[in-house]
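One chain, chain A, appears in both complexes that follow, with chain B as partner in the first and chain C in the second.
Showing the complex of A and B:
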């Protein structure tokens, strides 16, 4: 079974995605895992730094701490890529597929609810 | 800081009191002067579990994973379409004489460099 298949990135173990994947998908997958792990911390730091009722020193400390966090812990660094081909452009969010992969699968009748337009 | 600003007309004061009461009822923070408390960052729903599971999960078993849990006699029945295609292509190549070359029998030939002339 594929459970426990790990890759290593910056000394941090990363769960690899299932199925076929390429380096860019793995990179993005790593960012997603890391941002999910640090989400609560980032939210707490953001709360402290944006709270005007707290002492300025605490706020600045929180801001510095946030700035010191690695880029891969930021959710904005993730990119919606095609989950099959790995392409980063023209990705349908609802299907998580690139336009061409979507077309191929839709023509093969592998996407439920997707039919060819006819009128 | 006054809880309800006292420099209000009676009507506005009444409205402020109403809003304060409503905040108590609906469990909201009464913030008449609109100070930035950063509460919205704590109120936000966590979305890490959604964004984190974007790609195909690798915990989903493949055909080959299932195969291992069955007795050896019926393991050959677990064949994917890719396997079928691969076998089909191999047999087709073989028919055209493009199959794997046969392995040589006997010991490997001597290295010509090591020979003394």
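Showing the complex of A and C:
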């Protein structure tokens, strides 16, 4: 698939990640970009909806507007994925690598300081 | 080759220091203890011993020398850390030598607690899933404290340390600077009182967006309606009180 098609896959232009990536990595990448873009608006709406000094109708309006926003604008929809394999399960936070990728690299001695534990 | 006592007496810290610099090294208490002259002949080969060697090179065969701490004024500290012990020890030693030639009294290197991170992976996805691999990463660190020198000298030392840094090794430094109470007051006066209220730039952006949203017709109509309601209620309450007062006056008459 051409890069041009990928960039418009979600209807909104998305920056393509560097290196090797798959569809799930691209989707997560898109969500991160969009949630960063809408962060200020989401926080402002949350501020209004939780502010008890404002009239209840204005607060409900804020809640409705928040609910009407697409899911990809919420930071909670992102998931930490393996940066090499793209797998979404068993990802070690310290390396941003999946357990299998981590083990392969560690066995090859490519992770600085990581050794087989002995005690 | 051994260092003669007369040679040792002539060692002086570089004149660029500006920090504390005792002139005669013979007064140095630590020197006699640290500099074990007897080990020199064992560690070096005969060829080296026959050639003249610069004193600074000669001294690398001994423990790093240190100036004594006189005023107990902590200027800064340096933390060196890495995953292997060799580089940590080597670089701590180097920092102590740099500090010595800049005339900075230093203490350390003090070993800091060993940080062990560990991870467990399964060996295979199916029949070997119960068999595990344990991995670990040990971070060793050393703390060096610098005393009785000016911030300029400390920064000069750090620039040298940075220049000769080695891979896979982290160096973190902290510089403690004293300020007079007057200068702090002056700084506080300069800060805008409005700026003090908002904590961060991000929060500022959010508050600006909140103002923008509340000015939007979707929100503004609710705010206006609420203001109207409050106003009507206040008028009604006022009227009620007035009528009550009127009734009382009429009753009294």
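Assume the second predicted complex is superposed on the first by the 111 of 119 C-alpha atoms of A that agree within 3 Å, B and C clash if a C-alpha of one lies under 4 Å from a C-alpha of the other, contacts with A are read in each partner's own complex, and residues count from 1 in each chain.
The rule we apply is simple: contacts are C-beta pairs under 8 Å (C-beta built on N, C-alpha and C of every residue); 3 or more make two chains touch, one makes a residue touch a chain.
For clarity, every value in this text was computed on a predicted model and none was experimentally measured.
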Check your understanding: Touching A:61, do we find chain B (first), chain C (second), both, or neither?
Key -> second
Practice item. Could you look at A:18 and tell me whether it touches chain B, chain C, both or neither (first, second, both, neither)? Key: first
Check your understanding: What is the contact status of A:78 with respect to chain B (first) and chain C (second): first, second, both, or neither?
Key -> first
Exercise for review: With the two complexes superposed on chain A, say which partner A:113 touches: chain B (first), chain C (second), both, or neither.
Suggested key: second
Point to revise | Partner chain in contact with A:96 - chain B first, chain C second, else both or neither | key: first
Exercise for review: Could you tell me if A:43 is touching chain B, chain C, both of them or neither one (first, second, both, neither)?
Suggested key: both
Check your understanding: What's your read, chain B or chain C touching more residues of chain A?
Key -> B
Point to revise | Shared chain A contacts, counted only where both chain B and chain C touch the same residue | key: 40, 43-44, 47-48
Exercise for review: State the interface residues of chain C toward chain A in the complex, per the touch definition above.
Suggested key: 82-84, 117-119, 121-122, 133-139, 168, 202, 205-207, 209-210, 212-214, 218-219, 222-223, 225-226
**Study point:** Interface residues, chain A side, partner chain C - complex
**Key:** 40-41, 43-45, 47-48, 54-55, 57-58, 61-62, 65, 92, 94, 99-100, 102-103, 106, 111-117
Review point. Which of the residues in chain A come into contact with chain B in the complex?
Key: 1-3, 5, 15-19, 21, 25, 28-29, 32-33, 35-37, 39-40, 43-44, 46-53, 75, 78, 80, 83, 96
**Study point:** Residues on chain B engaged by chain A in the complex (per definition of touch)
**Key:** 35-39, 41-42, 44, 46-49, 51-52, 54-62, 65
